[in-house]
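Presented sequentially are two complexes of chain A, the first with chain B as partner and the second with chain C.
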Partner chain A sequence: MPDESRLATADRPLVFAPKPSRAPPSSAIGPIAWMRANLFSSVSNALLTLLGAYIVIVVFAAIINWALVDAVWEASNRRECLDKVGRAGACWPGVIAWIPNLLYGLYPKDQVWRINAAFLMLVVWALPLWLPGVRSKLAIGLSAVLLYPFPASYFFHGGEQDLLWTALIALGLAAFAWVWLTTFSERFTGLSFGAFVARVTGDAEQPEESARLRARIGYAVLYLAALALAAQWSLSEVPTRYWGGLFLTLVISGIGITFSLPAGVMLALGRRSHMPFISLCSTAFIELFRSVPLITILFMFNTMLPLFLPVGVEVNRLVRAIVAVCLFAAAYMAEIVRGGLQAILRGQYEAAAAVGLGFWQSTALVIMPQALRIMIPTIVGNFIGLFKDTTLVSIIGLFDLLSMARAVGEDTTWLGLFLEPFFFITLIYFVFCFLMSQYSLNLERRLGAGQRR
Partner chain B sequence: MTAATQRSAAGASRTTSIVNDAFVRGVFYQLLTAAILVGGLWYLVSNTIENLSQRGMAAGFDFLGYSAGFNIVFTLIPYREGDSYLRVFQVGIANTLLVAAIGIVLATAIGLVMGLARLSTNWLIRNLARWYVEVLRNTPLLLQIIAWYFGFFNLLPVPRQSIEWGGTFFLNNRGFYFPAPVPQDGFGWTGVALGLGIVAAVAIHRWARRRLEATGRSFPSVLVGTGLVVLLPTATFLLTGSPLAWDIPALRGFNFRGGLSVPPTFCALIVALSIYTSCFIAEIVRAGIQSVSHGQTEAARALGVKPARIMRFVILPQALRVIVPPLISQYLNLTKNSSLAIAIGFPDLVSVWMNTSLNQSGRAIPIVAMTMGFYCAVSLTVSLLMNLYNRRVQITER
Partner chain C sequence: MSAPPAIRLVGLNKWFGTFHVLKDIELSVAEGEKIVVCGPSGSGKSTMIRCVNQLERHQEGEVVIHGRRFGESAAQDEAIRRDIGMVFQQFNLFPHMTVLENCTFALTWVKHLPKAEAEAIAMSHLERVRIPEQARKYPLQLSGGQQQRVAIARALCMRPRIMLFDEPTSALDPEMINEVLEVMVELAESGMTMVVVTHEMGFARKVADRIVFMDQGEIVEEAPPGTFFARPRYDRTRLFLSQIL
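And then the complex of A and B:
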């Protein structure tokens, strides 16, 4: 029997209007439901949660009590600390007093500004890489890798400059100036520095030739100004035996990281080469350096490098360590790059060859960018490993961060103070490594965006 | 040779320049590399010879027979002060292998637990494991070794106030003391029983597997096998009258006598190495298990397979294929990292050989070559075995 309402609405079109959905039951949302799902889903899980909570509370309470609550912040020597709290609390004054040494080693205290200035310079140098609207990012990045070392090493080491050295430092300074000039001109006019100079000095109707010439003159003026500056620049010499602390750690790992990537790429190409002799040599080098511990390589270079060089040639201890670290890192990097190369499909090579690219062009423009992109997490992982491995140079007598931390406990004022400096430098190492790994994850996500479907 | 003539003849007939012939170029580059290498080697060797004669240093392996006049604080194989350098080398290798073996067992155990914990459905456990891995993986191993030594094992109480467990295990600033087993007459039978048990267990396992594949009927071979391996030796041991005595360490004066002991440097090294490596193993285990697609689990469940058997027969065999190669390379890393023992003075190969012996004898070249030779031999052997394994477990595609 048709009822009244049905009939009443019969001439109107029937539209399905769902009722608003009801709120989920309170047992399915909110913190309690979350805890029930993630912490107490079963009896065994609840027990595990309790065990985990117990561990967390005990560990954190112990660390916080030791490092903050019971810690001593003011004392003039370790005895005072021990008298106040014994071993129950940390004795931070020792670490605080040693912070300059932990950061800069035995570098003369009145010259420490040079290290700060050099690191600041690197930050300022690389800053445009993160600015929007800057187009010459590749050139800026390359200049930071290839040319920054010259002014930086003068900041660090100082001393006499010979002609070549002055020219190289000037090149670095000129590149630094160029980076910011081009950043400004690209952000505000959309033109690179050279084009900007050409635009300013002449009008746009003039032929291409003359514009290029004026851009070159602009570069030349920049270089000459840098040269004049570099020739004037004079810093007192700080021999490498005074280098130490976090500064030395960063120098060694920085050089290692910068060197290992290109060297690893070359070794990987060598190993995959069709030329049997080159492939054999690369393989032998890679396998040898990968199968022995880094410490044996450091020892080898430390004891054998003086034997390998002509009589009378002294090689600085730091250089020996850096050479060893670089070769070691290059061998590891080579295997990573090779892994990336193996993942590239044959079609890529064939396509590159089909459009007429030669070996180097196809490698640089087609193969490597893909191979390196696949391997970013592993490459950064290797950088992190290298950064941690630089601690080994303390064994062959360099004063890196770790050996400075050990030295705190051997200082007569703070005799036996080991845990606190170790705790402090653990934080430093952790922050550096963790940031690197997080940055790599971020980079991977951004670069992989185009690959994901 | 003939190929070369053919190639260059072909090149000439195509009237392209010989400079652009890939083969000629290849030969040229290789000759160039060889020339640079030979030149470099010649330079190094001639310098070395000159340096050696200048400093009055000798090369060669004759020093291996000389007596090494130093003592070694901890040796796995017998060594007395005055034994030959060759013996020192062997002592170093034995110590390194001991550290590596114990470290590998502990690191695998901790790593397995942590890797499974990272996959736990329990949020707290998952995150605890994650931060355990993150923190320990992101700090240098050398720092951890030194911190464990100077911050813990070196600060332990003196022997008189040892930390003890049941009056048999003692830990103090001289090291870790534990009972030494002293086999009596007839203990050999227990060993024989153990051997028989293992052989029987393997045989049963193989038979069960073959029967499973042929007929589909399963047999609890793991349970029975474990029972055999445990019960057979235990029964023999009890039947032959428990022929094993324990030499329990006891405090005499200022130090412990009897039993076995390892120095604090050993403890610090083992603890740091196994904890550090366990982080990497945890990540490998996690990645391996996650690499098995969820569809496999669902398919097995759809077929009505029980959860425990899904793990054993579906997930593990596939995960192991992903896990084993990086796991082995972590074992190799652990072995190589044991060389950091030198920082706290534990006498491993690098410490007694590349440091003490090198400084004493001055024979840099043979000593460096022997040390590197040992590590190379270990690495190459392991990677050889690895390749064999990979060939076996590789997915055979049609």
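And then the complex of A and C:
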């Protein structure tokens, strides 16, 4: 209560001095206080806590006993495992023997390095996105999405190159080299690669025209070098029927995920468009693909698409599956994006228009960044769902991770060994999905800076 | 021959569906003039001010800004619009950008100025509205009054010749209204052409050259503040004034 010992007079009001803040009492903070408040706040709550702890311990003990303690690690066939421990412990040798197939399918053993090299290339390509001091992150990200597929598909598939194919692969290689050249030059000189070339080849006094010309010559030299490399590059052909396992799962879901976001954004904008034709087409596409199960779409693309194509044109089975997955995922993504767009207040469009932005600028720079941030949990949820849905391609005869796991128990040496491979791929699926979901949480935190409401 | 008026609304009619929101609006605002628009809610005052920069399209009549008519070509419409700054009731700052980015954003993307130059311009306007120290914060970390002052700075960065204010203080806590009004008074003193929809009659009395009173989609009367408050001609105006004063 304010000090009232002095009486207020007409010319001397009371002085209000706010009380200083104190630290909370020690019983309100710390782990013990937390446990008391959350785990043992009442008798029933305490009982529930103990019961829950008991169930967790029993289940985990059983799993650990089966998977580790009683498990067999060395055997040459399933009979040996059963003789040693019966069904009480896991029989891991079967899974270990099959690991190459689980990861790479029927890809020739001596060529497997190509898959590893291509995935390593992707990691190295995207690495600068997480380095501080790199400014061309948008260009680097775009190059990874648009140009990485060319060298990667040559790594995976190999075989003869025609002229166009060589040119595209060279474009990918040049972009890869550019990513790292520009990363180094921006980190150490603060200049982009083009500006760096211009600086090294001439002095700063020369007019801008000539600097730009020299930067262009730099890019041309880079591309010609890549072209020479691509023309030399020759790998044996590995047809897609040999692709399988985790590798195939990652290829299908990776392409599906990268394609679905931009395609979904365009479809969502199309559906909200004021132009009736565009809006009608987008809506029809979205509703058609959303109302049919993925399995049906895969079947349709696999068996019926060839009937509609002209005679002699043959589309690879894998490509058919990928196209089906992409279109399906895009339709789902479109509705997620539309939901996010609806959450953006009209005032944001008006403010953007009032400072003079056109439709595409305000969509790309004002509306989408906000909508996508709200949608991150749903979008990543959809990615995770898509990643797991790719198991459905096994029904049209592609050997993804799940079908390879099933094949272990059909192998005569390991006949009937189903539980262990499924346990193993469960771990693989868990690791990938968990990483995606953690990354999404991390992204939410970073993009949410200063935007708590 | 004198310069064309900054804003000229000729025979403006607008419908939302079948509802007639604006009826035969005629208004002319000279360069440097300050107009305050008031009226009961639903009288069409916001719709009218939003027709001035064509956030709302009208169905009949003409909107002419500095002698250039809206609707002749898309390029000219964009150019006219760049001459008009607008401040909204709900601020409408971009929440995913810092205060400084809110201000430099249009300079870099619409006027294509280099970053350093855009930031210099933005800082000078943030100083003008007296919050340069908040430049690195995000809008939602600021108070309502500060957000509205950022919104004013953002609009001024584009060097508009006309400023529109759509109930700029209606969403503010009472103790923050004055800091925004002070900035607006200074802006008025600098000679900017302003159209302000507001119920702040103190501001109107101090700043306005003319007060426009609207009801049911029509301009009922327009008069200089002295006449408007002392001798309103219509009973509708008197009733309105008796309710808000």
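What we mean here is this: the second predicted complex is superposed on the first by the 412 of 453 C-alpha atoms of A that agree within 3 Å, B and C clash if a C-alpha of one lies under 4 Å from a C-alpha of the other, contacts with A are read in each partner's own complex, and residues count from 1 in each chain.
Going forward, a residue touches a chain if its C-beta (ideal position, glycine included) is under 8 Å from a C-beta of that chain, and two chains touch if they have at least 3 such contacts.
This structure is a prediction, so every number in the text was calculated from the model and none was measured.
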| item | value |
| --- | --- |
| Partner chain(s) touched by A:Gln361 [first = chain B, second = chain C, both, neither] | second |
| Which of chain B and chain C A:Leu39 touches, first, second, both or neither | first |
| Partner chain in contact with A:Leu419 - chain B first, chain C second, else both or neither | first |
| Chain B versus chain C as contact partner of A:Ala353, first or second or both or neither | second |
| Which of chain B and chain C A:Glu237 touches, first, second, both or neither | neither |
| Partner chain(s) touched by A:Glu74 [first = chain B, second = chain C, both, neither] | neither |
| Residue contacts on chain A - larger count, chain B or chain C | B |
| Partner chain in contact with A:Gln370 - chain B first, chain C second, else both or neither | second |
| Residues of chain A contacting chain B in one complex and chain C in the other | none |
| Sites on chain A touched by chain B in the complex | 38-39, 41, 45, 48-49, 52-53, 55-56, 87, 274-278, 281, 287-288, 290-296, 299-300, 303-304, 306-311, 384, 388-389, 391-392, 394-395, 402, 405-406, 409, 418-419, 422, 425-426, 429-430, 433-434, 437 |
| Of all residues in chain C, those that touch chain A in their complex | 53, 55, 78, 81-82, 84-86, 88, 90, 92-96, 98, 105-106, 109-110, 137-138, 140-141, 154-155, 158 |
| Chain A to chain C touching residues, read off their complex | 345, 347-348, 350-358, 361, 365-366, 369-370, 373, 447, 449-453 |
| Contact set on chain B toward chain A in their complex | 26, 29-30, 33-34, 37, 44, 47-48, 50-52, 54, 120-125, 128, 134-135, 137-143, 146-147, 150-151, 155, 336-337, 339-340, 342-343, 350, 354-355, 358, 364-365, 368, 371-372, 375-376, 378-380 |
